[in-house]
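Next come two complexes built around chain A: one with chain B, the other with chain C.
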Partner chain A sequence: MADTAPPMEPPKLAHTPRARLDATLLRILGLAFTVFIIAYIAIPVVVTLVMSFNEASVIRFPIKAWSFAWYQDFFASPQWVDALKSSVIIALGTTVISTVSGVLAAWAFERFTFPLKSVVYLVIMLPLFMPGVVLGLGVAMAFGNVSIFGYDIYGTRGLVMLAHSLWAMPLVFMLMEATFRTVDHRIVEASYDLGGRPVQTFFEIVLPSVSTGIISSALFAFVISLNEFVMALFLTTRDTQTLPVLMWLSLRSAGTPRLAVASVVLAGAVFVSLALIMVWYVRQLKKT
Partner chain B sequence: MSGASETAALDSPAPRRTFWSAALMPWLLMSPALLIAIAFFGLPILFMGRMSFNAHIDQRFYVPDFTWDNYAAMLTDPTFRNAIWTTARLALISSIATVIIGYAFAMLVWLKPKRWRLAFVALALCPLLISEISIIFGWWMFFPKNGLLSYALVSSGLITDKISLMYTEFAAFVGLTYVTLPFCFFILLSIFDGIDKKVLEASADLGAAPLRTFHEVLLPLTKGGIAAAFAQSFIWAVGTYATPSALGPDTLWTIGYLIQEQMLGKHNWPRAAAFSIVLTVGVAIVMMIIRMLSSKRTALNG
Partner chain C sequence: MADTSALELDRLRRAFGGVVAVDDVSIDVKRGEFVTLLGPSGSGKTSTLRLIGGFEKPDAGAIRINGGRVDHLPAYQRDTATIFQTGALFPHKTVAENVAYGLRMRGVARADIAPRVRQALDIVRLAGFEERYPAQMSGGQKQRVALARSMVVRPAILLFDEPLSALDLSLRLQLRAEIKRLHDEIGFSAIYVTHDQGEAMAMSSRVAVMRSGRIEQIDRPEKVFGEPASEFVYTFIGESCCLKTQMASGAAADADGATIDLRLANGLADGDWRLYVRPSRLQIDRADLDNRLKARLDFTEFLGDVHRYHFKAGRIELFVDHQGAIAHRPGDLVDIGWRSADMVAYR
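This part shows the complex of A and B:
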């Protein structure tokens, strides 16, 4: 740009040598920072990926031999596979609970005026800003001794789902509130004018037009729950332990490449669901 | 926008919607969300508030009582006093680092051509999509004597003896900043996206050097975003205790770590509850400051 600009304007011309030096310096700085940020974000990811294919049982660089041994070990261990299953079940449950409750609440905020709106907004959003350790501890203390029909709810997956919803639901609510604002009100009113009942309008007109928003916020809910381990640490027993909890507990005793495999599996689950949603999204685009 | 929904709700021609159903409908729609927030956040906070005044005698979880001992202990016991100081210091330094890195990153993405944008945003999403435990473990393999850092430095000839940065405060900062970076980045990127890039050209045309443009044009325009990003990462850093406790030195005890220790290790429920209340109040204060700052900002903008 600077080279092709006509050398007509006196201020630019006067500053040319200085400006050119500045531009070069800036470019070098920009490049250096780009390298730094890519390295910073990539380091733990690459280290983990590389270590998961290590054959040896200790964490040590350089890696002498490569194998899938630790992957076999992971999937052959009932404890680790159970933890993975538990994680997925809890994440799916959290997704359903938080998506349904978050979408409905966001619709209420978009469509209705009611007293104490800002207070309700704060009540719904506040848990999102609370540290996981506080939420986990609170739920563990309040529901530690509670049983329903003689069935202890402490240690169940349902309780972990509800605790994870404390983060996932406000997030869905926040995203959906923004999404609902993009819905054209005239369409909703046209549906009412044509005799559509509110429930029918909501399911047949509004929801399809915000499906991308719902799917993305559901994905966020799923990812949050799948990755969370501080609340789960307080709320699970040996039988309902999630994968991140098991990883945390084993890191405290000894780190082996099995943990790297677990990291890869966990991230794999996240990226697979991300990819599925991308495929769905592309199909959706083609349809219209 | 809200005006449109207001009139739509009130003037709806559907005959079935009486006043009562219109008044009840929003509460009905919100009831699942409110139930979750009240039953699993509000109630437990009240429960913890009461618990924090109980006593811990012998090996029982708690004994009903009404004592300020648990709060007094935080001021008198050096371990707890240090934990508050450590938490605040860690959060402060790592938030400053996060804001500086996040600011530069967001500015880079903003200035680069559009075709790079998706790749950079995907890069920034990585720490957000990866579990904190995986991040911890990744750095856990990078910093020690037999880790990748030491190996890379020795084999490139930069140093002769293996080094270990594991269990240092530096490692804790690196991990903590990694966890909080994406939140900061996305807040700042949205602020940058609201700025017209022509202001840079205008400033350059008037003869300002890049540093002066940054200082006198960009910085004032992004001030509010910096404050919001800082507060956001501070809140996260205060609550994130696993990363510093796993990567930092053994003595690096944060409030979050002490809560876990009191609850799961010592089974001292009242003490753990008192710490949680202090942490909650701290987070609430920071949030109130954000709200004040952001309302001031909107007031200034009209």
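This part shows the complex of A and C:
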């Protein structure tokens, strides 16, 4: 049996004490690294959270007494509540504008072919990569003196919504374009086949199959607008300023835990948004 | 006659780029008729179906449903309903909602929808599955939902796009019988696309054998099987043994020119011939039959019901299905005989 290969030996497993020590060491290192990363991510949030419950008016460690005093102060101040309201209204408006336009644009891209499609794609995506300063200044200069029916555009929440949509819409578009590509074209054909007109098919078949994508991209739009600072700084007035803007403006005058409270409120809104999408996602998973 | 036709295809043509997918196809499907488009992949059968359904536009020719031209209409305005290969059920809708969809889109009154959905699900034996989602059902059940969803709208013609090809064999046979039963009971008109000749034979009123976009033959299954119009139809439908022979002044040789002991009742003209016989019609140890060939037994396969004996004569390979054992061992020279009626010759 000279021409047959010798029987395969099982590969030697690492059972030596040395190898075991190496493996343990590696595991400990990995754990330490993970803890470090988590701490690195969490520390700013945790510090702000701790500060917001500080009774003293100056941010200074260690904290002597805990209280909700600054929360009461925050929600009792019309200026801060208005800023929060502005932020939420602008974020909601941005969400609606960018989700509707982004979803429709993405659907058009998926469904139709037209000349210069790739150029149009780039044009749509371009604002996403523009510095907020450039966009904010541009919009401010373009609409600074524009009034419609004697109503000044500049300083309105609507203008901020449009400006924020410059960032949010390309993001929604990008996410939805990828999502629409996953839609099973066979069920779209099945809908046409059964007499569903294009609009009915879009609402009955296409939208439900991308609902998770729409919810998450809408959430992204909401969070982007809520967090956005530079464009809002350029485009808001005292009456319409958003929470980040007010925080920045009060940074020197009020280095108080009030700012920490504002941060917690802002971060809280983001966490709530994330929680909502989790709930939605789990519900979707259960359905299928 | 337009008033008895559910569907007429009149010289339909469709090319994709330079490739002609559907070439001069004409079919007239009478009401209640079940016509199968049978062919290998790429033969244009699915393209033809998509033209009828309105998912593609023909380059030339006409499509008439119940006598009215439809080839300018989009899919959603045509009175057709397709059962897709994968079912294509709406995953976010329940079984009942899936079946109701076509009725809703066609504006059927709300009160009429529920009973019709129930009836359709009864017909495909899925009563009680109304609230399930497609993901909770098996492949065969999904295809039955797809069937119900298409049948419930009572289209002028049902279009089947290889609906059983994704299922395993036993389920395929079961659903095939079920579709046949539904056709016998309800009498819908249908075009059924398949590459499985067994399906085509079992279910169809007529079979259209397609090749490279054209219809080679359209006829009743027995006719297509028994009187194939061309060599392609003969070889595509059912199994066959091919004897490639060179004839020269009455003597036969294989493709290499080596002499073989082939006797034919009716002599063939000189030249290259391809003789075909079905393996079930070849008989072993029958030197008394009109046509016969001496060949060596090569090996034997056990197929369950029959044994399949593989023979060689020069370059020619053939196999004979025979019930039970034979008295020969591999290497033996055996007389294989067949009747003239069971043979076709092409050159």
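Things to note:
Just so it is clear, the second predicted complex is superposed on the first by the 249 of 288 C-alpha atoms of A that agree within 3 Å, B and C clash if a C-alpha of one lies under 4 Å from a C-alpha of the other, contacts with A are read in each partner's own complex, and residues count from 1 in each chain.
In the analysis below, a residue touches a chain if its C-beta (ideal position, glycine included) is under 8 Å from a C-beta of that chain, and two chains touch if they have at least 3 such contacts.
Not measured: the values here are computed from a predicted model.
In the superposition on chain A, A:Tyr151 makes contact with neither chain B nor chain C. In the superposition on chain A, A:Phe229 contacts chain B only, with no contact to chain C. In the superposition on chain A, A:Pro127 contacts chain B only, with no contact to chain C. In the superposed pair of complexes, A:Ala140 makes contact with chain B only, with no contact to chain C. Once the two complexes are laid over each other on the shared chain, residue contacts for A:Gln200 go to chain C alone; chain B is not touched.
Of the two partner chains, chain C is the only one touched by A:Pro208; chain B is not.
In the superposition on chain A, A:Tyr192 contacts both chain B and chain C.
In the superposition on chain A, A:Trp107 contacts chain B only, with no contact to chain C. Once the two complexes are overlaid on the shared chain, A:Val45 sits against chain B while remaining clear of chain C. When the two complexes are superposed on chain A, the residues of chain A that touch both chain B and chain C are 189, 192-193, 195, 197-198. Residue ranges of chain C in contact with chain A, taken from their complex: 53-55, 74-77, 80-82, 84, 86, 88-92, 101-102, 105-106, 133, 135, 149-150, 153.
Against chain A, in their complex, chain B makes its touches with residues 1-2, 4-6, 8-9, 12-14, 16-17, 22-23, 25-27, 29-30, 32-38, 40-45, 47-48, 51, 101, 104-105, 108, 111, 123-124, 126-127, 129-142, 144, 146-148, 150-152, 155, 178, 181, 204-207, 209-210, 235, 238-242, 246, 256, 259-260, 263-264, 269, 272-273, 276, 279-280, 283, 287.
The part of chain A that touches chain B in the complex is made up of residues 9, 11-12, 14-15, 18-19, 22-23, 26, 30, 33-34, 37-38, 40-45, 47-48, 51, 58-62, 97-98, 100-102, 104-105, 107-114, 120, 123-124, 126-127, 129-135, 137-143, 162-163, 165-166, 169-170, 173, 181, 185, 188-189, 192-193, 195, 197-198, 223, 226-230, 233-234, 244, 247-248, 251, 255, 259-260, 263, 266-267, 270-271, 274.
Only residues 184, 186-187, 189-198, 200-201, 204-205, 208-209, 211, 287-288 of chain A touch chain C when the two sit together in their complex.
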